[in-house]
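In what comes next, chain A is part of two complexes: it sits with chain B in the first one and with chain C in the second one.
This part shows the complex of A and B:
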């Protein structure tokens, strides 16, 4: 492969075709989602302008409330922490071709399991809480994967149905048998003892969920890109039949990746209970599971790309309150913006492989 | 509720539960019926639109807002149908692009439709819009609960007629044949000189319009007000219901009644004084849907009666 590209620019000739093609592919993988993001923001600007609101004022407020100051960064990162883990619940099964959208249920059950485990107490309580949260979320989403593999049940629908069932179960237990009689206005489980409350990462002002979320993204990336299980999962995600013919354990991979995603979603519940609310109550269902869907698609199910996507969406959602007060816009404004960006990202799928800029072998040809 | 109170309210004891469930089945099933008929039409053309949950919520908002502004609930229904058609058309057109996935676009439109409905619906949470009228089929009875149970909304009857009409369309008309051919494969359709993308876009638009009407029923009749919690997955359950109904419109009608009855279980038990496990009984429709979905699915690739071009079993 020493052949040169006569019509390509000089820097391209210096690299050689193989390296250049690799570089172009990476540029494509970054440029198209970024372009789609900008297109979604632009479409939302038109929407705002059509309603007589200033898009410039809107984005200025989002910048100030989400990213402008140290305090706003603290706020943004606090919101990004659960989103990192919630997005993994979508991205991991997605590598096997599963579209799981019921993370919200795993978050609720994870939080509840952590609160129950805290009640058992003992020196191992923190570990017990983490295990309980991961097990609850893992079983719930793992079951979705198993239904898909063993029974052919559509996982998108079943995961959302299971989320509704989980939330009903959560409400039943928190308002009934597990309710702390002292929680009058807002039914909650018994408050965690101070020893089990989780603190902040020193110097960052954000709870430990952020560090765990980033680590989970990095580990997931390693799992997918650098291990034989990840390799097998990528093959099965591309072509189930081929993977089965190769003797790959497709069923175990589907259930395992779904359960791992669910376990991460369960951890969202743990941190919400142990670091934010101090008990399991309805505040756990804050829509992180649904924002996680958008983030995973924004990152194209690449765990490392989830980190910037979660920070972006976290900042956006952190600015919701200020936007609402200053511009007199409904609180659903951020939802609408997220919807526009989501649609733009999905539409951009059609551009891959069709832009000449990212195909060096076609440069200079008519 | 005491025995033999004036106004014809009779203490029916536990008989109140099946009666309330029948009443509920008729009352709660209508949105399921419209959304599932819409999804049935869309899926018969070879596409899945999961966005109908968002369309349902937006239709509920649009119907309520227009009914309030104009004073006519039927104009509200029309507005809901039109807005649903716009969402459906958007789905149909976007999925015509190569490599754009219909399930993912459906999820995005679910979130966008809900967001837009909350955005524009904020001013309409308080005002009271006129309700859709109902037809008192229970006039012959002295028992108030029976009369209430047989108070049937016109949209329920329209939905029933639509189910029969759609079944006839698939069986005996040219339009129905074209949708079926497109649903069984784009190549066959092209061979007949039919543009499959166009047929799918139109089928999705018509399906969206029906889902919008289902939403208008929620806000204009039962429960009969607009708020952000108006739908809790009815649109998505209706999609599952189509699988259970094996893509047959008349089956969609029976399945919608069944789902309506399950949805009425919680309120029916409450009406006779069973209050424990309120949340669990309200989860009955989801559990039932999941159970039926599991029973109706099969580990082998194709589902009986499924349009061949449908991407459910990728």
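This part shows the complex of A and C:
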């Protein structure tokens, strides 16, 4: 029998307490990051105003350049595409309590592996490129997970150092044994044949990395929220000892999730090589791996939330140019804004469970 | 590329200009003349590559009827493609200078065919007739001659007979500068050697400082560089008591007493000429190169430390280069592994295409390309 709530609003009485309690929890997960975002934007407005610039003019430009026209969306989504996959390299291991910040290395090696696989050729070349990219990234970040589990090496430090190693290896190979002799002043691997170049999603003007990124986020969400591996990973992330006592394969989970994250980062390299650069060269190290950290934290390591977070950051970065040109502000302005938002979101972590309006009890569940 | 069939270019630009005026608190709408966009890969006050281009942009800005828009720190990724398109869509730019070498392939080549009405001018000399779009042009200068002149002064000023070079990557353009610097110094004293250290990156301050310190530790007392922003190299070398020769832009302000001279780009002259051609409705040639005589490069004023003997030879060699057809590489000349590069009696003049695939360090340079 449904218990009625005399002091609750009318719609609450119509829904019933169980549904309402669930709704309140979901609302909390949306309202707090949104509130933090607005607080970050407001704080940045004060910063701009203190420097004598109009926040209204600034946000008008950001809107226009990031979201206001068809071209703006194309610009925003182009920048968001690599960030989706790069963020998964942080978010997936994070569900097991690992802070992996070396996705940049997996991106570099993934791109290089794809370029090498393209050289093998044959009808299976596209699949081979994807597999090679995922394998390279997966092995690299998987090794970080293994070092953590088997040897107790701090994964944050090791992933960062491994990224430096990866980039050094990349540069050595691209400027040495794998260099195309024709790439005189911009050392690169041999250019991909036209047949292996990836085009744009029709009507969107962005390469296929965007679609794959969105799909990867959705699949990762399903993996974490709807499968027993995801469930086991969440338990291990919450309390390793408890998970081990339950007989969960913690080692396999740590290595597996790290490797999957690395494989997604490897795909960033694949798309950069096949859809943007047409060869592997130093331009691959564009900082996507590091932006991915920001996005994963903005999304609180929820793969579905990575999509709006990446679009937001993509839009901010897309607007950086117009802000520079029109307001004569330095290019770092957008980075400062991202910093404000990032800090606001991190601070808002402390609010979960403390806002009474979202408490399930308030809506009828004891 | 999303097309907007209902939105004509004129209406779009009008709306953009209106929105700008509104958004920027009543800034005047864009002038009706030519809008020129400049894109830099690093900060435009880097005392180096980007500053040299920004100085060129500043000269264009001073021209009547021209609006200049600039964007710095634009990566050689899809970022630069979108920056070019944004300059076209939001600012109506019809002449764009994406200045970094790495912007050409694939980025300019991807954007240019979509915007045939816009002219793209790229620094680096890569344009090939019949292969690349007709609305793309490339230009470059024989700055190796500037490093040769740096070397002449360095040869006079070095007491240890060891000079040093901090280089980014062992690519032809960089190797040409290293070799020219040493050969300039050897034209003064054939016993001089030049140690080169490659940092592997175009811009990495820590490695550049380490390399500079290592060179000075090994006895080098005149240092030059080819990295994007030579500021750290110049400051570190001067602090360690070594003389410095500039590169890309004028770095004399960093250490006036230790600065001897420098090989600078003279983009102001090149860019104003190109902008004037565009303003007059003319066609900019697709492939332009020039040296000291053409005003593509220039030398920094000689510093106070430069001796009279050094000054005299510097002026004499400069006059020689200004005549055109100067050759820094004259036979017989070997590379530093003992292979012959130029036979006795032969010479590679500054315009020789063979220099553009240089993959060696000449005899007297201490270092390796790989």
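Criterion: the second predicted complex is superposed on the first by the 354 of 366 C-alpha atoms of A that agree within 3 Å, B and C clash if a C-alpha of one lies under 4 Å from a C-alpha of the other, contacts with A are read in each partner's own complex, and residues count from 1 in each chain.
By definition in this document, contacts are C-beta pairs under 8 Å (C-beta built on N, C-alpha and C of every residue); 3 or more make two chains touch, one makes a residue touch a chain.
Since we're looking at a predicted model, the values are computed, not measured.
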Which superposed partner A:101 touches (first chain B, second chain C, both, neither): first
Which superposed partner A:171 touches (first chain B, second chain C, both, neither): both
Chain B versus chain C as contact partner of A:78, first or second or both or neither: second
First, second, both or neither for A:343, with chain B first and chain C second: first
Partner chain in contact with A:276 - chain B first, chain C second, else both or neither: second
Chain A residues contacted in one complex by chain B, in the other by chain C: 171, 175-176, 330-332
Residues of chain A touching chain C in the complex: 54, 57, 60-61, 64-65, 69-71, 73-75, 78-79, 171, 175-176, 184-187, 200, 203-205, 272, 276-278, 281-283, 286-287, 317-318, 321-322, 324-327, 330-332
Residue ranges of chain C in contact with chain A within the complex: 1-2, 4, 19-20, 22-25, 27, 69-79, 81-83, 85-87, 89-91, 101-102, 105-106, 124, 169-173, 200, 356-357, 370
Touching residues (chain side chain A, partner chain B) in the complex: 97, 99, 101, 147, 150-154, 156-158, 160-162, 164-165, 168-169, 171-172, 175-176, 290, 293-294, 297, 330-333, 335-336, 338-340, 342-343, 346-347, 349-350, 352
Touching residues on chain B, where the partner in the complex is chain A: 50, 94, 97-101, 103-105, 107-109, 111-116, 118-119, 122, 232-233, 236-237, 239-240, 243, 276-280, 282-283, 286-287, 289-290, 293-294, 297-301, 303, 312-314
